[in-house]
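The two complexes that follow have chain A in common; it is paired with chain B in the first and with chain C in the second.
And then the complex of A and B:
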């Protein structure tokens, strides 16, 4: 895994000039998101129980998760889709290592690390604005929730990429994904009940941004259930197992591009 | 001991099909019609350890599909195969570690990095001990003469150089069975010869079993004692090169040098005239009539030189597949156009 990261950094080093420009770009992205939050809190005190510091944490978490997805998950899955279409997945399947593991670690978009830094900073500022201290247990739970969230997102993406075995042209799926993911910028509690339900159980977006941020805040006002970590663990395990099974099933339908 | 055993192997692709035109296009969105294409149809053969076998056949014959099933990339829809005692499509790590598949039309090297970085990664993925890795790499680099290009970005290499690097990458883990799909495609004649001799050397030195497909007949005639001919997914022939021309081309080529021009002599009555160039004539004659034809030519004409040869293997293959295509046209059979 480190080896692939090294290769990616080497690949990236060829285009070093882009790095700073891209760093600024993702800062602008974060600023835009913060302006939206600021605007909202000019008009209201709370948003479904979430106050300004809460929202800062949520936006920070959102940016970190989005960054993580762009660093590791999306680039790899995009490459899987490309490999399926062009038949170059052959080379992955010929290697004597687990194919799912190999396709999941090949790409590493180094410069998106800025998203992690900015998002982390925003979340830290939000947390420091709160009156009470945040304990070690909360931070540990938060990290656990983030990890579970990543596992869920990874599984969703692996499943999306696996669809590529049947439907070769699924590039637009990425746009659809980001459009749905946008909803994670706000706490799921602000949405109508049926959307909340869908974002919790159908597309478990709640577990990816709202719930991790909520566990860090540990404030009943946010409406995040105390049992969220247990749900998150359960859903993460189930989705990882399901997507892995689906991947193996999909492989049987891989026909390779005509040579 | 047989290293590769193939029994009744078959692969059928479902190919969506639709009529031309807008209405049909829209219709196909809702109800797709599929047509079964038998890319490989009931193939049987075995290959012994250390053999080099050439797969011949036109595009779409099923050569690559067969190789892909044997290397575990594709699941067959019928039949069984055992390679090195494994079922390939289970893709067990122990199996994949002992085989290699080279696809001439694809690159497995990292495009933006020097080849040596891709080799290093390959070594890590295959878990090759450091000492072995270095020794094998040194040996391959020397045999393939790629020392000077190792540190150049792969994208900047010529096709021939890149192909040699691809070969190097696929041999780093010292595979016991090698599937080479068009290993010399696109490279110039000299480079083809070098790659060819390298493959032969590797086979002799390591006793590797090799199945090779190629469009270049020279690859096959130089390397393979045994030929398997596949067409439309079916095995047409399995045997030695001379046996192939014996079976597939029951004719001889008679070449004569005359001491004077003989334009009015009815060569066409003796056999098919391949060329008639001033005083050199080439005739294609059915094998059974070759002796009689020679005798007649010698009595009728003043011949300086006469040779009787087997037809070049290219012509044999052309005749086999050409004949097949004509028959197909007559029967208006659909051609298998799916994965080759």
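And then the complex of A and C:
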């Protein structure tokens, strides 16, 4: 894993100007998201119970998660889909290590780290604007929630990539994913009840942005249930197990495209 | 001009065939145009509940449903994306054969733009109906507003297409166009009345939107179609401003096209 990371860092060092430009773009993106928040609270006091500092935290979390997905998850799954199509997955399967582990760590998009930094800063500023001080347990729960969120997204992506064993032309799956992810920009409490329910249990998007932000704030006004961490742990474990089983099931259907 | 009139229908036929070939991918493209305004509609209608009098920029929950319903339509029909794929064409040298034709490459791109809008209508229109069924908006548009609104929509589409294509010419100087495309699209989002109606924007964005053409692409047609503009004279003046922007951009395009072609050297010959 470190080896793969080192290669991509070296790759980045070769294109420093590009890194700089992208860093600026990532900052511009964050600025645009902050402008959206500013526009909302220029017109209203609360958005389904969420106030300006709450929303700042949510924007920060959204940016961090979107960044994290682009650092590790999307690039690796993109490569899996490519390998399935071209039949080069054979080389992965021949190696004497767990195939799921290997396909999940081959790529690493270093420059997206900027998203984690900017997002983290925005979340920290939002949290500190609420006069209440934030304890170590709260931060620990928040980190735990983020980790659970990433585990869920990872499982979703592994499942999406596995579909590639049956339907070869699924490059556009990425677009479907970002389409749905878009709904996580705002707290799920703004949606009608049935959409909220589906975003919590069917497509567990609530666990990826709204609930982590809510646990950092620990403010009942946000409407995030206090038991969210327990749900998150449960859903994360179930989804990781399910997707891993699905991957192994999919592998049985793989017969190589080059043969 | 006469060979353009003969060639264009042929281009359009080819483009429609190509679009039908890739219908799966195009539907996904189209889906984003539905998801984004819908999410924003839900967000704003939740925000009206937190506003002092239940209204934001003069719009209540129903007002936002009407606004975003028309934005779905306007967003779809004014779409343009040359700023995203021009750098690809230049980098891969795919522009070279197009430049050899005795007709501007722009016409080819315009035909695929129209083909996209025609072929995806089968998918988008039912989604618009679903939006109406769920949000149940009550419309206040009068006939003259519908008529002038459609002209505004055409002018908005022309303006976005022309400006997008003109900005895409930057690809002739640098092959890194992604950032330019994102900024172009982001400005349209923030200042064009897509993220929020222009009247709901904080003052610094309103001032910026006054000086830039984006609100004339999306916000103005939406406002006229939604019946938010009552003054006939103001609407007519708006149409003239749109037309003036289109002419200005066409002029800039002609000059920069001339410079761009001179500069052109395909990467893979």
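As a convention for this text, the second predicted complex is superposed on the first by the 258 of 259 C-alpha atoms of A that agree within 3 Å, B and C clash if a C-alpha of one lies under 4 Å from a C-alpha of the other, contacts with A are read in each partner's own complex, and residues count from 1 in each chain.
One rule holds for everything that comes next: a contact is a pair of C-beta atoms (placed from the backbone, for glycine too) under 8 Å apart; a residue touches a chain by one contact, two chains touch by 3 or more.
Predicted model, so just to flag it, every value in this text is computed and none were measured.
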Partner chain(s) touched by A:136 [first = chain B, second = chain C, both, neither]: neither
Touching partner for A:87 - first (chain B), second (chain C), both, neither: first
Touching partner for A:227 - first (chain B), second (chain C), both, neither: neither
First (chain B), second (chain C), both or neither touched by A:7: first
Which superposed partner A:43 touches (first chain B, second chain C, both, neither): second
Chain A: partner with more touched residues, chain B or chain C: C
Partner chain(s) touched by A:202 [first = chain B, second = chain C, both, neither]: neither
Residue numbers on chain A that touch chain C, as the complex places them: 21, 25, 28-29, 32, 35-36, 38-40, 42-48, 169, 172, 175-176, 178-180, 182-183, 185-186, 189-192, 195
Chain A - residues contacting chain B, complex: 3-4, 7, 10-11, 14, 87-88, 90-91, 93-97, 99, 102, 252, 254-259
For the chain C and chain A complex, residues of the former touching the latter: 24-25, 28-29, 31-32, 35-36, 39, 42-43, 46-52, 56-57, 176, 179, 182-183, 186, 189-190, 195-196, 200-202, 205
Chain B - residues contacting chain A, complex: 13, 64, 68, 71-75, 91, 93-97, 99-101, 103, 105-106, 108, 110, 112-113, 117, 121, 124-127, 181, 338-340
